[in-house]
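Consider the two complexes below, in which chain A is the common component and chain B and chain C are the respective partners.
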Partner chain A sequence: MATVLANLHPEGTVYGEVGDSSVPLRFSASSDEYRVLRERAAVLDLSGNRLIEITGPAAVDFAQRLLARDVEYLTSERCMMSLVLDENGQVVDQVLAFGRENGILLESSCGAGTRLLEHLEEHNDEGVVITDRSADLTVLALEGPYAWGVVGRLIDGELASLPFESVVETDWNGTEIIFARTGFTGEYGYQMIVPIEAAAELWCQALEHAGAAGQEALELAMLEVRQPIPRHEATAGASVIEIGANWLVDVTKDEFVGREAVLAAFESGQGRRTVGFTGGDSIPEVGARVLAGGEDIGEVVHAVHSAGLGATLGLARVDAELAAAGLEFTVGGVEVTTLTSPYIVPKSWSIPII
Partner chain B sequence: MTLDQLRAKAAERRQTCTQIKKMIVSRLDLEIEPDWITDDQPLFGRGLELDSLDVLELYVAIEAEFGVALYDSEMAVFGSVSRLADEVNPALRATT
Partner chain C sequence: MALRPVVVTGLGIICAIGRDPAEFWQRLISGTGGLTPVLDESFAVFEARHAGQVPDEWIDGQLPESDAGLDRTARLALIAARQAIEQAGLAGEDPDRFGIILGKCQATPDAAGRYQPMHRTEDVVADRLRMRGPRILVSTACAAGGNAVGLAKDKILTGEADVVLAGGVDPLLFGTYAGFAGLKALSTGPCRPYSHSDGLNLGEGAAFLLLEPLDRALARGATPLAEVAGYGLSADAYHATAPDPTGRGGASAVRRALADAGLTPDDVGYVSGHGTGTPANDAMEAKVMRVVFGERAGQVPTSSIKSFVGHTLGAAGAVEAVASVLALRHGTAPPTIGFDDAVPGDLDFVPNVARELPIETVVSNNYAFGGNNVSLVLTTPRPEREYDELPDRAAVITGLGPVTGLGTGIGEVTEAIVTGRQAAGWPPSLDGRTFAPRSLWRHMNHLSRMAIAASRLAWEDAGLQLPRKELDDVGLVFATGAGSAESTGGFDESIAANPNKPAVLSFSNVVLNATGGAVCQTLGLRGPTTTICNGGASASIALDCALEMIRAGKADVVLVVAADETVATAAGDAVVSPYDRRHSGTVPGSAAVAFVVESADHCASRDGRPYARVLGTGHASGGEPITTGHASGADPANGEGLVARALARLPEARPELVVGAGTGVPGDAEESAVVLAALPGAVLTASAGLTGDCQAATGAMNIAMAALAIRDGIAPALTGLVEPHAGEPASYVTKPDLADPVRQALVLTAAPGSVRGAVLLGAI
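Coming up: the complex of A and B.
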């Protein structure tokens, strides 16, 4: 699936296949786009995130059974992030769930829409109506310490200070859009779910106040605040506990697909755990062995060059008893140090919305 | 460092983190087991979804439990349990 904004993106835009989608990885240099995101305000083309609407009398019951967090009282003024799991507790996707008057709207992670849609349809015992809305809706986002200012200039300044995970339907340029305070990077973050025919105009207007950032810059900024990136972290066989995404699962909820498996993994205390690391200039490959005191204790799950740290930043999945910050390991012959999260402190944490 | 030394260092951090998690769950009356909170998950907004009132409660709790006053600290110290552990037990801080 290609972005609906493809004809607007600059000629040199580098696209990449992420799951079922072709998304802009970068429009120019990722490091520049990263700095825009971390220091000013970035506009993001999230058309790789699939929008799936669930409606019908049992829509909420269905969503409550399929999502790992509690969405029973998710009103149309709220959204929340949740994992969707299979019966074995494996991550199917990480979604943003928007409460709607007639059901619930799910936004998949980048490129995971097809898998999510199939999973929902396979589990549709309640007979709900599941509709892929990606033919008529798309998602644009703003992230950055001054993203709130862009909201003011673009739509309405009062929306900028909505509480986290609040949602409003608002009018933009004569078009009804869903506006939400969200955020993946620790910076001020907002999402706009817009009809496809209005997306181009909104994108162009946003570019007058913000810089475009691609998937590479976004994922780096997510990694830096330990926001799970399912396509990198949800490796085959890894439990939610090993990934460290417990906070996207509500075990106080009585029932949801995957609950027993997650609880069993938690209670066993077995397996590995994920920890961030930095060190060296080379980027280790996924699966590279991690050594501690000369012993093999695990492997690299994901690693990139962090423009913020000016060094390699990665995640390693290692023996639980060694998954802690402040330790020195060896990866590919290079000494690395494990880190406390967040690995970069978002600028938004010290900048008030005015 | 040898593997045993690394294990010992990790265990020290785990002990402090566990103490912080128990304190958070108890003080804020959360309905989860302390160990369900991971060392690295976000605490405010995303993650544990604590708010500014919770921060005030934690300032008091941390001073009572660890004898460390964080009132003038930046929000970054509440970035995660592991980051808080660095504040209440400076011996844990990474050397790099």
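Coming up: the complex of A and C.
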């Protein structure tokens, strides 16, 4: 799938294949885009996030069974993030679920729409209607310490101070859009689900108040606040607990696909845990061994250069008792130190919405 | 449609800056605040020391010797009440046409320091000042005083009263102070609303406004001081203590109040703000100003007199309404004192100096814990004019949600009744289903869980499926005698252990409207909302409020939910036998009962299946007749007994069934005697025999049981009744399947010694 905004993006935009989608990785230099996101306001083309609508009388029951968090009473003015698991407790995807008056709308993570759709269809015992809305809807987002100001100039200042995970349907330029306060990077964050025919105009107007940022800058900023990025972190065989995504699962729910496997993992206490680390300038490969006192204790699951830290930032999956902050490990011969998240403090935390 | 104009003809106030309205106004326009370090040394444990205190000599100097033994709350209230009556020049009012609506946030102690029922202060004032008309205790926390003024206007428009005293009172209590300190909401110095916004100061006081119809005031030669042009209520449906940061809830209250008054934002000359001085409140209020007034926001002066008197909680709305009336009278906006001019901003907070300006319309806003908002619109009195009567819109009961020891949901309860199950004192079970998102449910106290379960069950029973837009106008009236015993107890224990480590989550649930707010939040209801605390009579008074919302076109659907709980443990096989000479004694119980009240048109338009139509309601207030053992004994001071007076206020009733307020106490005798004598064709029963005395929830259960009997022919039976106080056993329901259809059913509710209610339901 290619972005519907492709013909608006500047020449020289670098695209990358993420799962089933071709998404803009960067429009210019990632470090500049990162700075815009962390210091001002960035507008994001999230067309790689698939929108899947579930309707029909059993829509909520179905969603409640397929999503790992509690969405039974998710009203049309709330959204929430949840994992979708398979029977073995493996992550199928991490979705943003929007309550709708006639059911529920799921937004997949980047490039994971096809897999999510197949999984939902395979498990459709309730006979719900599952509709891929990507032909008529797309997602744009704003992230940044002044993203609220962009909301005011672009749509309506009243919406900027919506509480986290609140949703409203609002009119933009004569078009009905779904507006949500979300946020993946620790900064003020908003999403707009818009009809494709209106997306270009909204994107262009947003660019008058904010800078475009690509997937690379977004994922770096997500990593810096330990927002899970399933395509990097949900490695084959890893349990939810090993990934550190327990908060996206609610085991107090009576039933959901994958619940037994999650409970078994909780009860066994086995497996590794994920911890952030920094150190050196080189970027270790995924799978690089992590050593503690010369002993192999685990591996790197994801690492990048953090513009915020000015150093390498990565996630390591290591023996549970060593998954703590402030420890010294060796990765590829380089000394690294484990961290407590967030790894940088977002500027938004000290800037009020006025 | 122009309804009968209602005006203020008397004001009364006592607070930190004045012992009467004249002194209060003088201090306001001279900018002389009253926030001082708390004199009571026990408060020295707190870092924040300033509060708005009333000097004892101001109280002692204004009360007759006969009031000296009363508690401080009652004494503050009596002073302000007498001032308002005196200014209005009232004398020799018909007590039955003279009502009182009191706003109060805290359960206050008696003279010996023990908690007393929420409505006790109001009873003291009403009984001493000979008021036996509508009597409502409204407890929407910090919005209660403003809410009371609005409800008082309603009581005049319905024709239930000629004159209503409306106001609020709250004293400065150590526990409340500790709670606010624990929330880090107190400013360490005098508060500075809208500029420094570093926290609030608490205050104490009482304020009353005397309301009557304009034509009546003019006819008796009184001076109208201001017109109560309209009021608006709304629910944030957002959070237990924090205001909705978008200001939507506050803005909707202002818009509703202006619509009620037939005015627009352009008519408003001054806004009396809530202005507590907390960052969350002040930021939200600025948004309300910008949302409501748009580009004109900076030209509408708004100020906070809490900068003078502190936050007087349940009294605040009334204190500010008194200031608003005086602002209209004097053409002067009181300032926000302590205002730092160096703080930039686009709004006009009338910094530090009072300002003369022509004001014809004032909006007074209050925002409360539980997300309850109220706005009052007061105008300079306009000339006498033609008016329309409040329209009579038929209302029906369309959904029942009992959560009792008998069962959870009307299906289970019906089955329990049919099979003759008794569960006096048994707690309801909420196992097997959650009724709210788990993330909220986990943090809720038991009372809120019961109330939310009841609300959702009633909603489902009504078959209501409303789009988001319509939910914005669905009303919620919460009825409770005492609120959450669990949270109150937990909070008090924490304060006793260490006043600097209060259980803050419990504190946010100590306010009586917290549960109503939780229901709104869970069900997403943002319509008009209020909370009624008149003991066992709360549910029928709440029904009255719901009917008034529907009649005035403020809502088509209103959820009434009543809940009370006991900390007593389950009573085993205890038997409660109402109206029974052989048994005396009741068992306290815990329950929540909700029912959906809907305009008949709305129900018909969605093909709903109503249980019953509401044919009428009536309430009577006053001290109970002296119980002499003779059922008809009457107190010479109060004339006829309350039951008979409540019945007399109903339309002509020919019920086949009466679901009475009997709970197994000696007072049942009078009720049964009066009912059987007045309604010889009816059989009597009561729900408390099956559930125990669940206070407000028992009143709601009685209403639900009458509705059930009318539609489905099932009623709770008094199976053990052998020797009734009055009549023969055949005069009572002794088996649950009713032989004949019930075309009319009468419901009784009771707050002994205060208010009794009667509700007449009819078949569709």
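Throughout what follows, the second predicted complex is superposed on the first by the 354 of 354 C-alpha atoms of A that agree within 3 Å, B and C clash if a C-alpha of one lies under 4 Å from a C-alpha of the other, contacts with A are read in each partner's own complex, and residues count from 1 in each chain.
Assume contacts are C-beta pairs under 8 Å (C-beta built on N, C-alpha and C of every residue); 3 or more make two chains touch, one makes a residue touch a chain.
If you're wondering where the values come from, they're calculated on a predicted model, not measured in any experiment.
In the superposed model, A:V151 makes contact with neither chain B nor chain C.
Shared-chain residue A:L162: touches chain C; no touch with chain B.
Of the two partner chains placed by the overlay, neither chain B nor chain C lies in contact with A:V331.
Once the two structures are overlaid, the count of chain A residues touched is higher for B than for its counterpart among chain B and chain C. Once chain A of one complex is fitted onto chain A of the other, the partner contacts of A:W349 are limited to chain B, with no touch recorded for chain C. In the superposition on chain A, A:T252 makes contact with both chain B and chain C.
In the superposed model, A:G244 lies in contact with chain B only, and not with chain C. Touch criterion not met for A:L117: it reaches neither chain B nor chain C. Residue contacts after overlaying the shared chain place A:Y73 against chain C, while chain B stays out of touching range.
In the superposition on chain A, the residues of chain A contacting both chain B and chain C are 252. Of all the residues in chain B, the ones that touch chain A in their complex are 1-7, 9-11, 13-14, 31-32, 35-42, 45-48, 74-76, 79-80, 82-83, 85-86, 92-96.
For chain A in complex with chain B, the touching residues are 81, 164, 183, 186, 225-227, 244, 246-247, 251-252, 266, 274-276, 278-279, 292-295, 321-328, 337-342, 345, 349-350. Of all residues in chain A, those touching chain C in their complex are 70, 72-77, 101, 157-159, 161-163, 169, 250, 252-253, 352-354.
The part of chain C that touches chain A in the complex is made up of residues 238-239, 244-248, 283, 287, 290-291, 434, 436-439, 442, 467-468, 522, 524.
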